[in-house]
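Structures follow.
The following pair of complexes shares a single chain, chain A, combined with chain B in the former and chain C in the latter.
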Partner chain A sequence: MRGSDAALGAAGFAVFVLLGEAVPRLGLVDEDHFPPAGRIAGALGRELSDTAFWSALGDTLTGWALGLAIAVSAGVVAGVVISVVPWLREVTASTIEFLRPIPSVALIPLAVLLYGTELRSVLLLVVYASFWQVLIQVLYGVRDVDPVAEETARSYGLGAWARVRHVLWPSALPYVMTGVRLAAAVALILAVTAELVIGAPGLGARIAVAQTSQAVPEMYALIVVTGVLGLLINVGARAVERRALAWHQSVRGEVAV
Partner chain B sequence: MRRLLVGLTAWSVLASVTACGSSDPGGKDTAGSSGGTTAVKVGVVPVLDVAPIYLGEKQGFYADRGLELELVPAQGGAAIVPGVMSGQFQFGFSNTTSLLLARSKNVPVKAVANGVASTGEDGADFAAITVRKGSPLTSAKQLEGKKAAVNTLNNICDTSIRESVRKDGGDPAKVEFVEMPFDRMPAALDGRQVDAACTPEPALATVKAAGGKEIASNFHDVSPDLTVAMYFTSEQFAGKNPELVKKFQEATAESLKYADSHPEEVRQILTTYTKIPATLLEKLTLPRYPAEPDRPSIERLAELGERDGLFEKKPDLDELLP
Partner chain C sequence: MLDVHGLGKVYEGSGRRTEAVRDLTFSVAAGELVCLVGPSGCGKTTLLKCVGGLLAPTAGEVRLAGRTVDGPPPGMAFVFQEYGRSLLPWMRVGQNVELPLKQKRLSRERRRALVADALESVGLADAAGAYPWQLSGGMQQRVAIARALAYEPEVLLMDEPFAAVDAQTRAELEDLVRRLWRERGITILFVTHDIDEAVYLGERVLVLSASPTVVQQQLKVDLPVERDQLHTRVDPRFAELRTRVYEQVQAAKLGR
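For the complex of A and B:
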């Protein structure tokens, strides 16, 4: 079952690459503006042998990882505090619903004013976008805590901290993990966007330079890299999720099938 | 450069806030001295216009004067103007109309050195109005009723294209302008989304390589010696650091002269901070890099901008120019 899935996946990808080669070659789109897959692969090869590419990749990953770490810690702490303190949820709900839909990219002028084109600008956008993903999931997760379990813990005399640790956290964890996975993807999108628009060092800035230089295959090669990065991040996040929730029904169920 | 406007709006809000507070945007700059050298951050756009500053840095013109340059490639004025105004950058690079626009909105930008100028040769400038291969358009007048692509509406491109049309006996009000980044213009011409485009290098060479034609040299039509862009700083910074600004001016003037007389080195340095393909590199028409801005050409540009209704109030050139 798994083997044939992988084979199908590979076949699908091969068809996609072939299409990428054939469409420009057949003249359906202009080769100058959409180079065939082979030329993009060549440009990718040149990128991989360039040290500047690797430092740009490092910059992007640094912005992504730092931003995600800040967003996840802040989101979890804020989410738990808001849920545990009785009236805090009502007090914050409207504000959260107001702030959450603001697109992170709308904060670009603010980021540039505060931090110029440095890493901190990227972090501002990444943290803003991914924080809400985590926070909202934590809020939902806490709401999902079984009241019977909570009451039982209370009647056994567990303190506030112990209840958070042993009842609230395990119940909320599947939600938190979903939030982290979503945040990981969003953080990458925002890291690249920030670099692309502001010019902070990283893959995005490199794409922008390729674009202004009319280096079309290089531009696509870098875009492919961001795609691969997104794929790896998603695979990684799923692996983390599976490990962290190995005890949980949803994951145990998945393994049994 | 719509982003520039967003940035400017944000800046003007900030300006009004900081004017009341004690925070001083010019004061907490990173221009700290250490061991006789001063670190200076310059916001630049990674295109051929800024080749001289890269070349000057390599030649040591800035180091000779105790300036340690850090050239920060940024995506256009959106990042550079607010960056300079808030002291993230000590200097920045911007096109002349954007600086005039900033001045007209009371953003205290101060040009300190020349940037880049038209080549002075009609039909052989580093920017031109181009049309696709096989286009029936052959002159600027024929743009009446057609679509022309510019990188930013209400900026240097449409002002200069209007002047080209006017000079050719046409009515500039009949040209429809569409906003898109320079790098998208070659594809937009091919795809017939626009009839003409304001293309500086390397988009110009790309269009020509695809069989497109120049129909007018729009910058040249404004003035043969048009100062297209300049290096600038904030008034606060210039007021507080006259010595440093003077050193930067001298080093930049030397770099511009050097670049103007060493075109091969300009092409060479382009490979270090752009990704312009080797095939295009040789075909590029390089701009001129005069050491000083050309005031009459800037006056002309301001006049034309005013005629087009770009400015809320007339920009004061004495305040802007060094």
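For the complex of A and C:
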């Protein structure tokens, strides 16, 4: 079953690539704006042998990874503290609901004002966008702690820190993992957006340069690269999730008892 | 050993005032096995949580070995009805049993020995490496009991621990509790809604009234110390005792 699913997926992708080759060649779309798949592949090959491409990729990944790391740490710490301190939740709820929906891209002018085209501009946007993903999930996760598990821990004299470590954190972990996976995807989107719009060095800036210099196949090749990155990030995040949550119902599946 | 005096618990919230426990007074001697029965919803769990220091009573007090209980005391272990939720699914059986011991500042060897001994006692010596969810319900409750044993409590509180397992497993677990009680001389306070179970297990049965709860009656169970599922349950004295407890519980339901 899995094999045939994979075969179908591969066949679908092959048809997609073939269409990408055939449609511009048949003159159905303007070849200058929609180059055939073959030419995009050629451009991709040239990009891969260019050191400037690799340093752009490195810049994008640096912004992504740093931003994600900051957002995840801040989100987890803030989420746990807000949940553990009784009145903090009520105090912060309305502010969170107000700040969360602000699109990160609306902060681009602010980022430019503060940091110009530095990495810090990218970080500001990445962190802002992915922080909320993590925070919200942590808040939900902490709420999901089983009262029986919590009472068990209390009855055995586990202190506040031991309860956070052994009960609260593992209970919240499935949610945290979901938050990290969402944040990882959002962080990539924002990293590329920031480079594209602000011109901070990275794949986004390289896409903008390709566009202004009419290097259309290169532009598509770089877009393909960002797509592959997104795919890898998602696959990686899911693998981490499965490892960390091997005990969880969603991962362990049915157990014969 | 355990003295409950004038215990009352009133829940107040969202404009509603619920008096769960009114005025409970009883005591449990060291090494005694006492069963509490009562109609469902009579505040048995509330009572046990107050005794265990998990809930603060609104009146009266609980004293363990002369000291007032104002939080979970070190000499007390709790076995919950919901074993599946009380065991931590991210820890293996051995780790679950060991976790409370880490708070007791025991040496590693001592902890290991206690865990091995406790698992051995409940017949799960080779399950230490399994996850709780890989075990059957009865085995999971055995793990929870082993965790309580390893903690070396003076008093063991059990809140309807066998309400969620099948009849045969339940009989086995009842015998396990009797055996552990005799071997280890722990004081046990066992809450149940099952009259037969209360009479079979207890040295004394306290019948609670409907909520707001008071002690309706106390009954000494004068069955032999040596009990088994086959003979004890057909003993005429057993039938007599269960009838008396049954009558009391019925009376409690009707509020007489």
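What we mean here is this: the second predicted complex is superposed on the first by the 253 of 257 C-alpha atoms of A that agree within 3 Å, B and C clash if a C-alpha of one lies under 4 Å from a C-alpha of the other, contacts with A are read in each partner's own complex, and residues count from 1 in each chain.
The criterion applied here is as follows: contacts are C-beta pairs under 8 Å (C-beta built on N, C-alpha and C of every residue); 3 or more make two chains touch, one makes a residue touch a chain.
Please read all numbers here as calculations on a predicted model, not as lab measurements.
When the two structures are aligned on the shared chain, A:247 is found in touch with chain C, with no touch to chain B. Of the two partner chains placed by the overlay, only chain C lies in contact with A:151; chain B stays clear of it.
Contacts of A:69 after superposition: neither chain B nor chain C is touched.
Touch criterion met: A:208 reaches chain B, while chain C stays clear of it. Shared-chain residue A:11: touches no atom of chain B or chain C.
In the superposition on chain A, A:93 contacts neither chain B nor chain C.
After overlaying the two complexes on the shared chain, residue contacts for A:81 are found with neither chain B nor chain C.
Set against each other, chain B and chain C differ in how many residues of chain A they touch, and the higher count belongs to B.
Applying the stated contact rule after C-alpha superposition, one finds that A:228 touches neither chain B nor chain C. Contacts of A:166 after superposition: chain C is touched, whereas chain B is not reached. Shared interface residues of chain A (contacting chain B in one complex, chain C in the other): none.
Residues 146, 148-149, 151-152, 154-159, 162, 166-167, 170, 173, 247-248, 252, 255, 257 of chain A touch chain C in their complex. Against chain B, the residues of chain A that register as touching in their complex are 30, 32-33, 108-110, 112-118, 196-199, 205, 208-215, 218. Interface residues of chain B facing chain A in the complex, by the touch rule stated above, are 3, 6-7, 9-11, 14, 43, 45-47, 72-75, 78-79, 82-83, 86, 88-89, 181-183, 186-187, 190-191, 202-203, 205-206, 210, 273-277, 280.
Chain contact summary for the complex, chain C toward chain A: residues 49, 52-54, 72, 74, 76-78, 80, 82, 85-86, 88-91, 99-100, 102-104, 131, 133-136, 147, 151.
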